[in-house]
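Dropping the structures in below, format is structure tokens.
The two complexes that follow have subunit A in common; it is paired with subunit B in the first and with subunit C in the second.
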Partner chain A sequence: MKNPGRFLQLSVTLLAAAFLLVPTIQSVLAGLTVNYFQGLRSGLTLNWIFVVWDLYSSSIFLSLGIALACLVVTLIIGVPAAYAMARNPGRLTRALEEFISLPLAIPGLALALALLQLYGTYKGFRLSWTFILVGHVLYTLPFMVRSVLSVLAAIDLKTLEEGAASLGAGPARRFIDIVVPNALPGILAGALTVVTLSIGEFNLTWMLHTPYLKTLPVGLADSYASMRLEIASAYTLIFFVMIVPLLLAMQWASARAQRITQ
Partner chain B sequence: MSSRLFVALCLVPLAVFALAFLALPIVRLILASGEGDAGWAIYWQILQTPRYLTTLIQTVVVSIAVTLAALAVSTTAGLFLTRNRFRGRAVLLSILTLPLAFPGVVVGFMIILLGGRQGLFNALLPGHVVFAYSIFGLFLGYLYFSIPRVLLTVMAAAEKIDPSLEEAARTLGAPPHRVVIDVLIPALAPALIAAGAIAFATAMGAFGTAFTLATNIDVLPMVIYTEFTLSANIAMAAALSVLLGIVTWAMLFLARTFSGTTVAAGG
Partner chain C sequence: MTLTLRNIAKTFPGGARALMPTDLDISEGEIVSLLGPSGCGKTTLLRIIAGLETADPGAQIRFKGEDMGALPVERRKVGMVFQSYALFPNMSVRSNIGYGLKMQSLPRDQIDARVDEVIALCRLEPYAGRAITALSGGQRQRVALARAFAPRPRLLLLDEPLSALDAALRGALRDELAALLRQFGITAIFVTHDQDEAMAIADRVAVMSQGRVAQIGTPEALYRAPENAFVARFVGNALPLGGLIEDGRLHLPGGVLTLAGHSNGKAAFVRAEDVKIVADGPLAATVETVTFLGTHYRIGLRGATHETLFCLHQGVSAPKPGETVRLAIAPQSILTLDPEKAAA
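On to the complex of A and B.
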């Protein structure tokens, strides 16, 4: 290469990519190798995946269930709220958005402690999966609200609604027939973000979970601490297979929604 | 139903949820921090007890180191990827943003695979090269999840820089390093401050990564966790949480002031 500066830049970029990629490849290989310590010579196997499935499949299903429930709740709370905020832009709306975004700024551990302080003694609630759900909704809701709000703020909501109103559509009808269809790209991007983040959430969940309710990342932490490397890796591999397509879909949907707002 | 009433009703679910599960718990946490033997002097106690003070300093030092390293690496890579179009660029970009969806525990495991007892470095190099559970391992773990976050912020800003500014500087005879110092860095400054604040806040609050790696290292989230679970020192756990929350919130507020976006804190 002619330019030494460019060569240095390329080296740094490739080194950073290697730093991020190499351990993920190691993890995939270790999860499929008979004995990682002996290396690939010991042969490839799917056995560790089956072992993980026996040990942890309930945690995988719990995570999927909580992610879907979290999606439903964030849709019910987030979409109408984003609509109301788009209709009343101003300082109050900014303050509200800032407030509900606090869970992005305050570490999950601190939020979980706060929830435990207030609700820890209500055993029926504390010991049920809905307690974990509350934590996940708290953390993912701002993403749904912001995603929908940014799309609604970019379209001429007022003119569209006035048109529908002059044809006799009431406010609820307008919300369903005008607002929701126009907000769909934002809702899709928000929904994928909510599911991706909920499946991977650990910081809140570790404090909120009970021994009978372990989510996927809680199970991962458990396997890292107490299982052999092959099992931990196979479990991580299952997690990657779930999360990577979701992440790619989320990035695609977010880019698509962003094009509308520009 | 009037339109006004309908719009107001749309906010009710959010208001109820935010009040019950965000506002009230935070108030409860703040009150709990003052309910120990020391009362509100507990915040003074944090600064006077060597263990807490060392933890605080250690956490801040690691977070600053990670922030500087992530800024250096991600700005270099981000500028390179914005300026150059080549085959494999999209793949490289995907690799560099992939860890965004990794929970902190998984990031910790990635560092164990690199620097643990069965790790890559211990296998390739003679002697025992195990660094996963040291402060250096923690630094690498934090760097792992900071690189993608900083990269995205820097690239978004770099794409908006007018290339003619650089050309002008070059035509006027500026050597490459002067172009970087006089044109690129000032143009990127708001994004760099924002990205740095995000990286710092995320590192300060990272629990998952520390949980996997820092069994012998005192960083703030781990101390909060042990105060709460092992020592049952609720007031101190609450006070340290409040302190941590204020620091990370202030940093992210700073980030938002300098650039419109924030990437989720997590790790």
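On to the complex of A and C.
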């Protein structure tokens, strides 16, 4: 090696990659081997995945449903909220921003306990999936608001809106034609974060779930605790297959939106 | 009058008065410039006309007799060119220009026809399909103008439309803007802090100072017959001569000048281009500095007045620093105005 610095850099990168990849590959293989304790000699199979699907497909669909509902709710609340905050900067806005960010600092368990204390007696609500949704919205909303707010703060929103107004656009038109398209990179980045966090959220959901409402990560914990290792690993594999393309797709979308506004 | 403004004042929350009660009349097709230093209230006045700012109670904005004051900005039908242009980065040049027409809910083919027309008028054909981010400053300025003009506003308002451009481009675009506005034949008000810009573009200039219109008139009138010291200083950089006026004569340290009128109790001002170096002039002065500016020399002179007096000297050579020269100022070139109360 001509350049020792480069060599060091390469080794550290490869080591770090290996540190992350080896357990992943091992876990994936565990979900695909007939018998993990006998190793690969026992042969490869997709059976464990079908078993997981039979046992936990309702968890997977529940998680997807909650993640999408959570995205819709955070979009409906978060984008106008970020817009209002961007248009009215001041002490009150700062205080509000801190306030909605509180769920980031409070452990999910505490948040869940508070929700249970407050709404636990409303049986219909307590037993419905919307109860978990409320927890997820509380937890993910600050990510959406902050992400949109940071983009809106970077553009001269006031003058753009004044421009649109002078051309005859009323407040609603300005929001749809000017605010939303220019906030798009922030909205996409926020959406990416919200969906990923909602699908992966465990500790708050674990407190709020009922035996009939297990989300994907709660089901994962359940399978780790009570199923054989191959099933648990196959479950992890399904989780990977779901979340990785989602992450890639949304990252691509957000990079593309970022280019438009530059 | 097309546009009649009465008693327009603006007090900001906290009590700062940005604009004293102001009246202004603008006739059809006229291009009026609001000229003044920063903080003089010119942009506030423009934004009140646009509807982007609310005037203090008692204000009246009438357009051909119709009260505009109560209308929100989106219903005033005024075109506005912003200092930063405020072009929509999420739309192409065409969509930016067509946005105002789209807001009028015109049919698609009418919008296209009008956009094509305005694009041709502003010579933007090569850029029509481009993204806003792919345009230079000068091109953006033209797109902003085209966008404001496309919906056929009854009034075009321009807020420092050239100040975001670099100096070399500004001169060329100034003449282009003046020509385009004339071609549009539209009533326009534009705000600037640059007297050359105001003079080159406007039919009439309203010079503003500390929230008031100090004088309004044609560029020639403002230059030749300023009504007060502020206008004399701001338009054409007249310098105070100091000294004492007595019965039509101005007594200065370097000699005595004859005035055109009686002018007791007034103060005398002169522009550098009216100070002439002549062999038999009534004033004596010592050359302090000589700056060569191509078309002329700018000469700083000491001794004639209390402060340094400047003279624009045309000729193939200039006196050297330290030399003594004699100066003459024609009586009609000396502006006699009410003395300034306090330094503005």
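As a convention for this text, the second predicted complex is superposed on the first by the 226 of 262 C-alpha atoms of A that agree within 3 Å, B and C clash if a C-alpha of one lies under 4 Å from a C-alpha of the other, contacts with A are read in each partner's own complex, and residues count from 1 in each chain.
In this text, a residue touches a chain if its C-beta (ideal position, glycine included) is under 8 Å from a C-beta of that chain, and two chains touch if they have at least 3 such contacts.
Note that the structure is a prediction, hence the values are computed from the model and not measured.
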- Task: Kindly classify A:N182 by the partners it touches after superposition: subunit B alone (first), subunit C alone (second), both, or neither?
- Result: second
- Query: Which of the two partners, first being subunit B and second being subunit C, lies in contact with A:G31: first, second, both, or neither?
  - Reply: neither
- Message: On the A-aligned overlay, A:L21 touches which partner chain: subunit B = first, subunit C = second, or both, or neither?
- Response: first
- Message: With both complexes superposed on chain A, which partner does A:G190 reach: first (subunit B), second (subunit C), both or neither?
- Response: neither
- Item | First (subunit B), second (subunit C), both or neither touched by A:D156 | second
- Query: Which partner, subunit B or subunit C, touches the larger number of subunit A residues?
  - Reply: B
- Message: For A:G170 in the superposed arrangement: first (subunit B), second (subunit C), both or neither?
- Response: both
- Query: Between subunit B and subunit C, which residues of subunit A are contacted by each of them?
  - Reply: 165, 170
- Query: Where on subunit B is subunit A touching in the complex?
  - Reply: 1-3, 5-11, 13-14, 17-18, 21-26, 28-29, 32, 73-74, 76-77, 79-81, 84, 92, 94-106, 108-114, 118, 120, 143-144, 147-148, 176, 201, 204-208, 211-212, 221, 224-225, 228, 234, 237-238, 241-242, 244-245, 248-249, 252-253, 262, 264-267
- Task: Name, in rising order, each residue of subunit C that touches subunit A in their complex.
- Result: 50, 52, 72-80, 82, 84, 86-90, 99-100, 103-104, 133, 147-148, 151, 157
- Item | Residues of subunit A touching subunit C in the complex | 155-156, 159-160, 162-170, 173, 177-178, 181-182, 184, 260-262
- Note on the structure: Residue set of subunit A touching subunit B in the complex reads 5-6, 8-10, 12-14, 16-17, 19-24, 26-27, 30, 36-37, 76-78, 80-81, 83-85, 87-88, 96, 99-100, 102-111, 113-115, 117-119, 134, 137-138, 141, 143, 145, 165, 170-172, 175, 196-197, 200-203, 206, 217, 220-221, 224, 229, 232-233, 236, 239, 243-244, 246-248, 250-251
